[in-house]
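These are the structures in question, set out in turn.
In the two complexes that follow, subunit A is the common piece, with subunit B as its partner first and subunit C second.
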Partner chain A sequence: MTLHGFVVRNALRNRRRMLLTMLSVGASMFLLVTLLVALRELTNPPTGIGASLRIAVPSKVSLATELPARQRPILEKLPGVRAVTPLTWFGGRLNGEESFNLPQFGIDARYFREVFAEAILSEADWTAWMASRTACIAGKDVAERYKLKVGDRIRIQGDIYPVDLELTLAAVYGIDGAAAADSIFFHHEYFDEAMGNPGTVGMWWVLAESAEVVPGLIDRINATFANSSAEVRAETERAFQLGFISMLANLKLLIGSICAVVVFTLGLVTASTMSMAIRERFRELSILKAVGFRRRDLFAFILAESFGLSLAGGMLGAGAAVGLYSSPLVTKFSKGFFPIFEVTPQIIGTALFVAATLGILASLMPALSVMRLSVVEGLRALD
Partner chain B sequence: MPIPLRYHFRSAVTRWRSTAATVLGIALVVFVYVAMQAMAAGIAGVGANTGDPDNLLVTRRGATSEGTSQITLEQLRILQHAPEIAREPGGAPLLSADLAMVINIPRITGEGNANAMVRGVSPRGRALRPQVGLVEGRWFEPGMREVVVSRRMARRFAGMGIGQSFKAGGNTLRVTGHFDGGKSAFDSEIWMDVDETRSMFDRANFSSLLLRPRDAAAAKAFAERLDMDKRLKLRAVPETEYYTKQTGSADTFKKLGGFLAAMMSVGAVFAAMNTLFAAVAARTREVGTLRVLGFRRHAILAGFMIEGTLLAFAGGVVGCSFAAGLAHLLTATGFSFGTFSPQTFSESVFELKVTPVLITGGLLFSLVVGAIGSLLPALRAARIPVISALRSL
Partner chain C sequence: MSSEALVQVRGLRKVYRQGEIDVAALAGIDLDIHAGEFLALMGPSGSGKSTLLHLIAGIDRPSAGSCHVGGVDVATLGQSELAGWRNRNVGFIFQSFNLIPVLSALENVEMPLLLTGLSHARRRELATLALDLVGLGDRARHLPRQLSGGQEQRVAIARALVTDPALVVADEPTGNLDSHSAQEVLGILGALNRDAGRTIIMVTHDPKAAASATRIVHLEKGELSP
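On to the complex of A and B.
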């Protein structure tokens, strides 16, 4: 029998324990992967192709404060600006739903394809959208979720604004890359009209001519409206999205702490299983010692078993996570809060690394007691 | 005849290492469960703890919160002399038109900005909210760009010490005092004069009216009259009812806590089974001896079940103590959690609230985990044949 075979046989001789340990480690690993993915999705906004050229221009007071429409011609004249569109978050409820479930924006449709270059919208679809004042477009994911098809009527009840919008779906857009197409876009003009032309917009979305001019342009935009009655806070789209993460406040800390607790529990389980397994084998290990195996050989046996068991459990958990999250389950359950829930290779790597480390750590205690063990004592041990 | 508990207790103590690991493992599961539910309870507690049941809050019909509600000057003029409203000794109606709005300001940690709620409030609005009391400094002077912030907000945002100032949009605001909202939603707010707020942030309208009706009948009459009035498009609800519905993200925490607990308990059940199976295997001879002494199979089964369940229960007790200890520690150090509330669109501050109901839930949870985890090992122990048990080494 090879040493290899010896380790494998040892691990397999109490199948029930092996299975229970693997399931236990697997369950914790699954949870860890889930938490890590959630943390990543919360802290890593997806970046589209055009994101580096886009500048978000909300009011300096806060997102909930509107900006005057008269700022538009001033923005358009600034050097380095390619296009400007209003972008107003409507935040309403779709077709009589109980709660807000997907983003809807008012936008200047003329510039939609230019500003959001990663959106896939054919010329014909765009023309269809442009043709009607009450037309709107919906993302592929929205259309799937609500089983919408072109020509359907959509009613959005305003919660933030005291108006309801009656829209007709003109086209469905997709998005290049991993990002979710999870919004509805409608004509800002129609919204203005419904509101009685208040002359305000939620915020501006500015497309720069090139990535180099972006930093200078941001400063110019901020300076242009400084000390006016409507100051703005221009920032890159990425910085803007990172701002939302800051608003989540202690949630990040919370998920981090829970991860720590899970890992600690995992270590506890593995360590206690390994001690049990080794304590039962004190006698045989003493015999091995008596026969002439060195301490480091014994240590290697224990280490290999613990490492293998823990890693197998880790793979089980991570595998389950990959399998489960490749379906749009989480998106459905979180009602679109997590449009994507992607288990990245880094996260799998982290999980397996944690499992392997715990496997090694768990073997230290029992290995130490075996190494200290005197042969005579070990042979006398009863259980 | 049942096996004496002492036997199980002593066995657990003899194998103290694996006992401790099992207890601690279950303790951590229960801890996470109770702590998450305590957060949800804390958030819900803030809503339940805010307002005066005698007050009515008027908002735009259809608005989900004060932040999305608007009350025009005209609407205020129509309503302010309504006969249902109680009056001060001087004859003025007990009514306050307030403006709640969100500002984006930097965190004290320097890690970016967050939204905070500013309430423009009239002197009568302060009187109608007796929960809010000044704890340090003085109240703001209207027209002086002065604010009073909640003590909890002062620990979360930059420039909120007394005498310090911070910028909101293009305006600099000076902090003259700290108030305490008595664990209500007002703890997440910054207060200043209402007319100053309107002029500073260029708002023509108010966001809500808070008023004190003469009595319960008047309150009902007022609310019904507002409901019938197609012209005003306003709605009046008791102040307490409004805040109870502002549960913010309590539901998210509840669900997250449930999910985490479910996942972690799967791991814990397997781990507990492992420990108990090992315990049963190591005590095969003892079980045989017990059987020879006359203990029946069901006594063995019950004994091991009780042992496992008690172990888990001990874990539950430890876990609940952890959670209660954490909540106590956070309160003692003045630390409060903050999270984004989708309803107010701003940060809401809350405390962990470990209630007796949650403790009971945590303990029950540990009992269930223990019972499930010990069932199979106990069955195995009960099925051990006596002869082979006695022979085994």
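On to the complex of A and C.
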């Protein structure tokens, strides 16, 4: 027998309690990992192939404020600009659905593949899309969810705009990488006609010639329309997406608070379990003291047991999270809201660190009480 | 100081505080115990016999006086030194056996040896030898709950002997046993004293148990009685 073996035997002595403790730590760590992953998903927008070159140009007033279409030629003439496309959020209901369920955008289809380079759309599919003004393309996730196939008629009822769009699915696109292809794109020109050519767009997306010119180009775009009737706020794609996140208000704080409660509760559970486990062993621990084990030896036994149980529970919870979230079911059940639910090594590390730290902290009180306990007092303790 | 005495107790006092009242468990004891003696400490409950045993064994601290064991004043040792000293010099036998329930008989006996730095094989060898000595070689893999009370106490005796201590202390070793098992345990202790020259100090209420000893000391209200 070894000292390590002794610690393991003690940890296993009450298997039901050990199992329940591990499960409670595991469940807490699963929840913690879930919250951390959700937080990451909300605060770290995915970056595609062309993300470093793309510049979002919405109105300086608000995202809901439209921009004049006449800005386009001005934008196209700015040095460093490779392509410009309007992008208008339609926000309608698909095929008579009761509520909005997926993003739909009007776009200049000629530049779709260039500006959104991570989209996978073959030349033939793109040509098919270009062939008809009422043609549209749908992401493969949309096509799977709604069981759409090329040639299907799609009706999008406008909620924001007072028009309905009658579209024909020309092709299904994919996305290079883990991001979901969860949108429908249609010709902006068709939308303009349906709206009676109002001469406005939702926003512009500008593709820069290189990443180096992006900062200067952003300044030039903003300066070009400064003091005009339609001022813009050009920014990188990442900054633009983070702007969306800021709309989530205190969600980050809320999730952080839930994480703190989870950790605190876990600490109480583990401390309570360890206290019970040690209290019923006072007599044995006193015998160990009597036969020569030092206080620091007993402290190490208790610490190792608590640390091991918590860490095992943490591994269980984090492992379950990795197993579940690496499955495509998450994207399916979140209807694409969480296209990627990636449990990063950093998140796993955080969960295991929290579990191990709490294991250590939970053992401190019972360990200190055992250290303080005299052999004689311990021998008097009830079994 | 007598050169032959293994244990020399001088003016040993132990006072417990119970609320606002000081209770003297030992009121200044002087006692010599020689190497090779089998001493029985007798007396009514609360007479201080277990307290005296605990002080000699170094698991409690005296309020005053000294207690030399093998020339070492155990009252002056620090916590860590005292733990090491107990491991090397004292073997414990308790009334409730106090075996570790998750360890086999052999592993229980081996436990004190984990602190000695001996190899795993050597520890196993010594633990097996000690179990054989108490006649439980064939029960080495049994857990305490699979043993009778008498067998558990014999395992506890093996655990007390395995480090080859100078002193074996036994606190009511037959208190939880039936008469047959008690006789077995007393027989083993007697043989250890007689044949192996072990120094044994045993606390007991039972005159029959005390009869196994080579000397009987009575305590009464914290003092030695004639």
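Keep in mind that, in the parts below, the second predicted complex is superposed on the first by the 373 of 383 C-alpha atoms of A that agree within 3 Å, B and C clash if a C-alpha of one lies under 4 Å from a C-alpha of the other, contacts with A are read in each partner's own complex, and residues count from 1 in each chain.
The rule is short, and it goes like this: contacts are C-beta pairs under 8 Å (C-beta built on N, C-alpha and C of every residue); 3 or more make two chains touch, one makes a residue touch a chain.
Bear in mind that the values here come from a model prediction, so they are computed numbers and not experimental data.
Of the two partner chains placed by the overlay, only subunit B lies in contact with A:273; subunit C stays clear of it.
In the superposed model, A:82 lies in contact with neither subunit B nor subunit C. In the overlay built on the shared chain, the residue A:158 is in contact with subunit B alone; subunit C does not reach it. With both structures placed on the common chain, the touch criterion links A:13 to subunit C but leaves subunit B unconnected. By the document's definition of touching, of the two partners only subunit B reaches A:59; subunit C does not. Counting residues of subunit A touched by each partner, subunit B versus subunit C, the larger count belongs to B.
When the shared chain is aligned, no partner comes close enough to touch A:238: not subunit B, not subunit C. Of the two partner chains, neither subunit B nor subunit C is touched by A:72.
In the superposed model, A:140 lies in contact with neither subunit B nor subunit C. Under the contact criterion defined above, the residues of subunit A that touch both subunit B in one complex and subunit C in the other are 383.
Residues 16-17, 20-21, 23-25, 27-28, 30-31, 34, 59-65, 100, 157-162, 226-231, 233, 242-243, 245-251, 254, 258, 261-262, 264-266, 268-269, 271-273, 275-276, 280, 382-383 of subunit A are the ones touching subunit B in the complex.
For subunit C in complex with subunit A, the residues that touch the partner chain are 54, 57, 59-60, 79-80, 83-84, 86-88, 92, 94, 96, 98, 100-103, 107, 110-112, 114-115, 120, 159.
Touching subunit A in their complex are the following residues of subunit B: 17-18, 21-22, 24-25, 28-29, 31-32, 39, 60, 62-64, 67-68, 70, 101-104, 107, 111-115, 168-170, 201-202, 233, 260, 263-264, 266-268, 270-271, 273-275, 277-278, 281-282, 337-340, 342, 345, 347, 393. Interface of subunit A with subunit C (complex): residues 1-3, 6, 9-10, 12-13, 283-284, 287-297, 374-376, 379, 383.
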